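Lettered A, B, C and D in written order, each chain numbered from 1.
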Amino acid sequence: MGKYRVLIDANDEKGLVHKVSTIFYKNDLNIISNSEFVDKENNKFFMRSVVDGDIDLASFKNSISDMMPDSANIEVIEPKKKNIILMATKEMHALGDILVRHEAGELEANILCVISNYDDLESFVEKFDIPFTTISHVDLTREEHEAKVLECLSSFKDIDYVVLAKYMRILTPNFVEAYKDKIINIHHSFLPAFIGANPYKQAYERGVKIIGATSHFVNNNLDEGPIIAQEIIHVDHAYSWRDMQQSGKDVEKVVLSRALKLALEDRIFVYSNKTVIF
Amino acid sequence: MGKYRVLIDANDEKGLVHKVSTIFYKNDLNIISNSEFVDKENNKFFMRSVVDGDIDLASFKNSISDMMPDSANIEVIEPKKKNIILMATKEMHALGDILVRHEAGELEANILCVISNYDDLESFVEKFDIPFTTISHVDLTREEHEAKVLECLSSFKDIDYVVLAKYMRILTPNFVEAYKDKIINIHHSFLPAFIGANPYKQAYERGVKIIGATSHFVNNNLDEGPIIAQEIIHVDHAYSWRDMQQSGKDVEKVVLSRALKLALEDRIFVYSNKTVIF
Amino acid sequence: MGKYRVLIDANDEKGLVHKVSTIFYKNDLNIISNSEFVDKENNKFFMRSVVDGDIDLASFKNSISDMMPDSANIEVIEPKKKNIILMATKEMHALGDILVRHEAGELEANILCVISNYDDLESFVEKFDIPFTTISHVDLTREEHEAKVLECLSSFKDIDYVVLAKYMRILTPNFVEAYKDKIINIHHSFLPAFIGANPYKQAYERGVKIIGATSHFVNNNLDEGPIIAQEIIHVDHAYSWRDMQQSGKDVEKVVLSRALKLALEDRIFVYSNKTVIF
Amino acid sequence: MGKYRVLIDANDEKGLVHKVSTIFYKNDLNIISNSEFVDKENNKFFMRSVVDGDIDLASFKNSISDMMPDSANIEVIEPKKKNIILMATKEMHALGDILVRHEAGELEANILCVISNYDDLESFVEKFDIPFTTISHVDLTREEHEAKVLECLSSFKDIDYVVLAKYMRILTPNFVEAYKDKIINIHHSFLPAFIGANPYKQAYERGVKIIGATSHFVNNNLDEGPIIAQEIIHVDHAYSWRDMQQSGKDVEKVVLSRALKLALEDRIFVYSNKTVIF
């Protein structure tokens, strides 16, 4: 007896729910939760079910595949801890929030390693008995530096997600491609406002009354990947840009941890540079 | 060809989704949206589907009933404007928000009448070409007054909801029973805090940093019916209780209109003094 | 005996608070509330006091002027209803919210007139006994149309604020200059994201999880004037852009009414394309 | 040259601001920020100023005392790290958030010690090089246990605040009196709703749509001390009470850290079982 997450996306057509629920029924599965969404504009069907029962994973997956249209992507996942890599630079807040949640048993994740281009966070990370690797970018081209990071990553097998917890370097298309839809970033602004460097200074100069943070998957266009979660806080004229930055940290860590949790629970579909989140 | 909302609740058992989706499939219906929830603790199943197709309403409903367990409540609703009665006392904000939304075509509702125990709002309501009836409570017992209100209500057939838009009188069990799960109230506090009279004064004296409003169905225990929607705003020491009351009005109208919209779209199940909202 | 709002901004220097409070003291005034802010970066001092007492307005103002540096702007305002003009196009939600607040006595304002480039809202506005003027832009150049609007405005004396309650036309620098820091707009997005036309469609396509609205003074750069208030709501993948637009309306009216209230209470300083709000 | 926080509360009377600003002026101090509030109902005046300059602390304080009414409480504080004790039981989230902020240099505080009635958190706390003391309550009366805790506390001198980061034991009046207005608690509910044990279960059973957390100073009536900060999150029918509890943790840690920051920056006045926060 086990619990399984079934994720299906496909071109929409009549009868998809019927077909899937028939398979669940024939396999004597309990449906614990069930979410569906159809994007009419793009004619795409999305479904996430949590089911409970006694199945042979491979044959169950085959029986769904046989029923579904060719366009379908089908995942049947037995919930277990996912393997994640954290990348950071010098800031502690977003990284620390994930490390404490991990320590408290709140995350369905094994943190394999923290990689940074500086060693500032080394002693902090090692308190949590998590391996820390410094890969300095000094005197290296972007490509050379990334090659080293990729090499380090390749030493771990089965990486589910790479989480950029304030990793302050731009990734090349080559890197992004290697971990497509697996790199989760936190951007210190309410995207798409204030793309680029020092968004808090930009926000301060524009005199905004709200600042925000956005967690998104990374794609080849900087800051333009599919958005997973966003949150804001109110500010006023008395905030210097450094005050905004400090307050921003509190939003950043909330949003990144929220996005990571959604990913670890297999709640996110990515398509058309957007996310469907159940 | 039409669009239908199908609402089902039943004691949970295996295969319910399968059965319903089979009927949808056999009737050649498109599923536009579909939401399910199982309350494990109470073993209750809830499902709301919006489907599109060409059916005979009565026979379709029968075919669902035949498949479902005896415990099931089944509604197949052809979306149309619902008939609502608004009740108010002297305050304009919550009532006015509904009247403007109605005028703007935002509500799937016909407002049959506004009933008040005072005539203060009469000229305001009549601007909107909505009938206004004053039923004064002066010199009447609560029962006598309610008898008059009930008589007035009974002159309208097919009332879907009675909306208390700051109607400042307590309803008797008799009244509540007559419109069970059809009376929507806005309570000027974040229930269950500050039950009873003048919650803003209570909130002020307690020195809270947040005030809120709660919309709920009315049952026999004052302020204890099933909650539909809640919202809050932040306040600080500089707010007098009248400032809190004024700010509270802005939350009240938002929450009541939100709850009403959910009701009009048939998104609410009531059970066990709670709501399931899809 | 009366109540006065004293607003001062000046280049910052030592002793400003001392000087002002000395004048208050000598005039035997009660300070009801007092807010100060110094923008260190720009070396600007802002102060808003509400005082209570018996003064000669002109000589009191002079005595402050004498004490303050030459750079100072000083306003001593006896609170009274301000004169406002509302401008709209076809949408009812933001306009309706202001009209109901006005009717309920929530606003310190006289609404002199509603001006629109269409007559769709005429019967709605006239319900509230507010004059409505249609000034069609059809077959006119932007300049010709604005000349007519300006002519209409000039028929009212002492206009304090022109409120664009979803007035869907761009104003020329000429118009803006004529009512500098007096035109309050509501922009249907969380500026500076999604500047320009159909922000909800832009937001939908970007797959955002939050939509917002921004109220700001209008300056010569479209959508770039000083921000007064901003608010957001959460959305998800199930929102079509029309759903976002509908939800957006609820935020827009909240934000515009909040900004208008701040203006009517003389709580806003404008400088350096920003606002200081007490 | 230094920076000072001046906090004054007194019975209100005319000229207080004038008197204080005169002293600032005579001492050639720059006012960096200045906040005032008068509670008309209780006739109380509150003022917090941050000033910059070169003063003799003792004589400066005396000169203020000489000018102020006898009722006045005056504090002139040279900002420095405050000494805090953290108390916890078994949960890591609120404690961990404070420890990471401390490590990141975000807090103006020295954490002298963490005290718990269990040793579950010992290894976690010691990662941060903070002393951890287990004082078990097993086989002790409440008074005996508290006597041990008080003895432990008395071994530290100059404790500014005792922070209950999910310390799950009720304190006696004796304990509270010993650290009056110095004990900051986080209550896992939006007080005054759901006072007492297992508020998440109460909230679940009531079917609320919002859950919250409240940080407050501890007084002799459990959960009824002066409120410092409150925050909420939205929940829905799909949340079990354990889900609410888990989500609640995220609010709890945000609210407790926010309250602690306000305390460390000397921004809180306590009076009449309320707080004034600048």
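FYI, contacts are C-beta pairs under 8 Å (C-beta built on N, C-alpha and C of every residue); 3 or more make two chains touch, one makes a residue touch a chain.
Please read these numbers as outputs of a predicted model, since none were measured by experiment.
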Most distant chain from chain B, judged by the mean position of its C-alpha atoms: D
Interface residue identity across copies chain B, chain C - same or different by half: same
Interchain centroid distance [CA atoms averaged], chain A/chain C, Å: 40
Chain centre separation (chain A, chain D; CA means) in Å: 35
Overlap residues in chain D, where contacts from two or more other chains coincide: 33, 37, 238
Chain C-facing residues of chain D, complex: 14-15, 17-18, 21-22, 24-25, 28-38
Residue numbers on chain C that touch chain A, as the complex places them: 37, 39, 41, 190-194, 206-210, 212, 226-232, 236-238, 240, 272-277
Touch list for chain C against partner chain B, complex: 33, 91-93, 96-97, 99-101, 103-104, 106, 124, 127-128, 238, 246, 249-250, 254, 257
